[in-house]
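You will see two complexes here that share chain A, one where it goes with chain B and one where it goes with chain C.
Here is the complex of A and B:
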């Protein structure tokens, strides 16, 4: 049921977005609604998607399409920190897969997995719009690291690993 | 104001067109071919495949013809170097991931990609990496998938969204990972899903029943008509000659474009009912001798039938006629019935026949009127399920701004937006009267009552199966038609079967003795002989033990294409009749379109067209006028169908009969997948049904003192435990079966008893 997942506070946050669009065009709020729900629950499972569809009165498949298109939406449990390596064209040409391999070794996980302590998830992502600084990494959807090298990766990853340890 | 006319030039031809038209539309109208995959005239334009790129003078690069509107003086070249280069490049991209499995693909030979790759493809690709592969999804018993072949044109997705109104398929994922699917892996439920097979330009979505059955280039194509709803969709029936000219097989059925009925679409029921054509057929005349069925010759069988029927005294026998047979066949059967003094009935559902001859078969309305309506009220009707093509038309009207209201006894799952007024059927007449009062329409001698309906000024009334089965059906039909006369609105009275209209017209011409009260009550009283034509009473009429015993006691002659298990018990003589697709004839649809069709293939086994059988039977009974009929055209001349003098509804009710009070009313309509013998034998369609459940409200359960919440026991028919579906979307005092309730044919709009289950 949507009311259990989209509780009052979440609903009013989504409504703010719905109200920005003309009446009957609540479909436009799908992206933000999904983002708000993800911020609340950290990742989106099917009941979350269904709840958004029900709340916005949309066919379920409409929400599935959006949720599966954007790599910012997580569909599986993720760790505390998200490390996303861009593997689109510019980064790929500048050695993005070397970056992925380095991080896999460093964290002892495969790309797409989460470390055993639940601290870090490593993922590939589509273009981060940082082609001039390729290869690029985005941490926690907020912090960009450009022109990464083994040294800068070390510098970037150490605080995440050691944090609170 | 005169409409603006633009002039454009395509491939050197100067053409005039209207503003707002796209280049591809103008080209199509003028017979200029531009290749395309995603564009379809009935769907929205997405311009995603880029196959229709053309050169437009003064444009910097090739433009998609489907998404570029024409402008005055535009010069378009679809065959220039720039255009051809662009088209070839697109084709190369499309073929990167498309498998080269044409020899084992069902679409082979009628594939748009295969055709266009002949013209635009190259023998070599500059892509050397491996092709992608996509896991297939099970979309149910009707659609076979091979998603690796998909080129992402999204025609199927747009069909679901725009036409069917049931968005089930979507484009999930992104870029190279994009896949067409349901995401939930739950299959598609749409009643018109088969159209996605036609729309798919490649072999990604193909027909499951037709899988690996044949190659389209060997097929003969025959125009025909569907016989499963009162609209009569136009069909293209494909047959194949096998075994060197000896045997013909019915291969598949596709829609035939028709502007006044089905457009380019077809319901799944009409599309897949052909699968029954060789199932459980009666192949030889059979006679039951001391409980055992023995084969007899046609000569013996007909002589025996004639002997039995001629022994009848007036009013001792009955003819139960399927409402889906051709008019010619019905004419001959009823002519015989008149000679023999048999009572005739072709209304299987109707419980109230007071207005039998008031032209209820034909409504003076067109499909265009339906799509143009602004305020539609539908009483006891669920066209999405029972007349899917009408459902699509109502949806179009609603999308164009029409207000749609339903008066129903239980909440309907619809493919358009509508207000639903859920009320017990015994209150329906009340609601109509209060609506009439709000519109200042008075009925002489009928007291009005006060309830708020709020329908406003209605311009189209649709009366469906709920009214057909309603004990006060005559009253509802009469009240609505009087309102229609007062307001100038349109009226559509949906009928059962495919040819109630045609049969009504010839029945009146022949002055047939139609039952004037519920047929079943009569059947229970007397009948020395019963003649069943293309019908199995255990499925086709509200059935019970008493009727079964009456059938067993009477001499039952069945002229039928299909066996049924119970028929073997109650019938005494069966004559094999050509199936619908093996029959030539004429049908009149509910909107009065008279349409003739030719048999698509030869009758199976020893079965014969019904009209020939009835002609010989008439001759054997010594009726001279039967000898004069030599061909189908002779019957057509006799029945004067072109004069539709009985159209319109003129029955006036002067007094309301009280609504019958029952404690628990079953409001289920006849199951759409059990509507006639052909559909009942079509296995793929039968497999689309969900598990049987009984829908009931919490209050009703409490008032019946039933405390179980998972199942209930049904006391009608076989004592059986049925799953419960407790819903607040159903009128109190009613129950409705959902899912597979074919076996519960017995009790539409009748009282029913329930007991405690688990």
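Here is the complex of A and C:
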């Protein structure tokens, strides 16, 4: 049931987004509702999507359509942290694939995979609008790291690995 | 040297530039206050914006004043303003700085535009990753509301302008204006057929104007200092300033707000010039959706709408990507087209299927598995997408592919004839490692 997935705190966070749109246009809050649910449960499974549909009083298909379109939604299990390396042109011209390779070696996984301890998932991403700071990495879809070098990557990764569970 | 940061980046050198106090200290919100006090005639504001020569800074370059005039302000329907802060065109990183360092100027520009078109609600749609920028904009919005400048009954004048900051969820095509409306309605970001144009039927079917962040953030300064002042910063057809994001193979990549019409060579110099030890080979002047230019075309080029068009490309979003002589153009194009294949919304067959074929042929070329006629095939597929899609994404595939081949044909022929060996590699040993390698950041040395 939606109330188990969308508990009180989550519901009030979603409501804040519903209230940004005109009355009766709660469908507009679908994108953020999915994001908030994903932040809580890390990735989206069908019950999550159905709960969002029920909560926003929408046909399930409306939510499935949105969930399958936008790239920030994760549909497979991912780690506690997402490390996304930009591989658009400006970053490529500054060694983005070297960055990917370095992280693959460092984390002992292939791009797209999650570390054994479930802490970090490594992914490629499209242009992050940080081209003047290439190569760029975005952590947890929020925190940018620009002009990355082996040293700054070490510094960026350490807290992700070591922080308390 | 051209003067930097006179319009959208005005004042951002201050540590606290994003605060209401800092913004008001440099004259912020004075244009908005004046409008509210004097109840300025809307048409008068439109005329000022028209006279300033301000054009849409998101890529299309359409006259902002003219766009504003398309909405019938007497239409009793709810009207909406949407600010396009989705910034996703590869090579472009300018709006992010407006959002994080000068959010009040954007809010003031939005308020003015909303007033002109008679919209009481406005949305600032930021890309999903702009979380910190979003927080800055929320803080700015709350402070402006507390000061009575925004929200309901602004400064007690009875004018309502409610602004809402919105976050996306990862999609390049959201940057297309009608796709953004779909996304705001909580749907897949698939561009709409036009007409009807958003000015007639936009968000929730209501009259809507969509402007880019840089466009709207320019407005307060234009009204403060006058259309004449702004227009004269630039050139005849390209008034004002433009933010250029210079990235790729340069010593000091960066974001520069400069007068329109600045020489390309001066802009390149501002970015520290081409990486140590290398020569300029090619430039994409306006984000990767625009046509590529060989170095010789850029020698005397001026950075404005007209001159870049004369050279065969477009100013686009101002994302200037520099490539040096170690760059294999086939590999560069392959990297670019991975993006377009990924981001095609899938609505129109020529784009959905074409983007996949373009990327596949390029991958085959790079891995040495391409058919002998692959270059022709690639060109034909790309050419056939152009003009056959609902939105300009079709051109964003077609233009780069055809211009890369037109300009660097020998590299494409060579890689097909030599099973994936790059022409550049045959000329410059270790070229791939230099062009796409990860170099020490302190000197960006690629010699």
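Definition applied: the second predicted complex is superposed on the first by the 156 of 165 C-alpha atoms of A that agree within 3 Å, B and C clash if a C-alpha of one lies under 4 Å from a C-alpha of the other, contacts with A are read in each partner's own complex, and residues count from 1 in each chain.
Basically, a residue touches a chain if its C-beta (ideal position, glycine included) is under 8 Å from a C-beta of that chain, and two chains touch if they have at least 3 such contacts.
The model shown is predicted, which means the values in this text are computed figures rather than measured ones.
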Worksheet item: Given the superposition on chain A, are chain B and chain C in a clash or a fit?
Response: clash
Response to the item:
Between chain B and chain C, the one with more contact residues on chain A is chain C
Worksheet item: Once the shared chain is lined up, is A:147 touching chain B (first), chain C (second), both, or neither of them?
Response: second
Worksheet item: Is A:94 touching the first partner chain B, the second partner chain C, both, or neither of them?
Response: second
Discussion item. I'd like to know which partner A:139 touches here: chain B for first, chain C for second, both or neither.
Written reply: neither
Practice prompt. Identify the partner contact of A:61: answer first if only chain B is touched, second if only chain C is, both if each is, neither if none is.
Written response: first
Discussion item. Contacts for A:130 in the overlay, against chain B (first) and chain C (second): which applies, first, second, both or neither?
Written reply: second
Worksheet entry | chain B versus chain C as contact partner of A:31, first or second or both or neither | second
Item to complete: Please work out whether A:78 is in contact with chain B alone, chain C alone, both, or neither, and reply first, second, both or neither.
Response: neither
Practice prompt. Determine, under the contact definition given at the top, whether A:161 touches first (chain B), second (chain C), both, or neither.
Written response: neither
Fill in: Stretch of chain B, among 55-63, 73-81, 145-153 or 631-639, that runs into chain C once the two complexes are superposed
145-153
Item to complete: Please identify the positions on chain A that touch both chain B and chain C, taking each partner from its own complex.
Response: 62, 65, 69-71, 126
Response to the item:
The residues of chain A that touch chain B in their complex are 46, 59-62, 64-65, 68-71, 126
Discussion item. Quick check: in the complex, which residue numbers of chain B touch chain A?
Written reply: 161, 167-175, 182-184
Response to the item:
The answer for chain C against chain A in the complex is residues 78, 87-93, 95-96, 121, 123, 127-132, 164, 166-172, 183-189, 204, 245-249, 253-255, 284, 288, 319, 321, 323, 327, 332, 335-336, 338-339, 342-343, 345, 435-441
Worksheet item: How about chain A: which of its residues touch chain C in the complex?
Response: 20-22, 25, 27-32, 34-35, 62, 65-66, 69-73, 87-90, 92-99, 102, 126-135, 138, 141-144, 147, 149
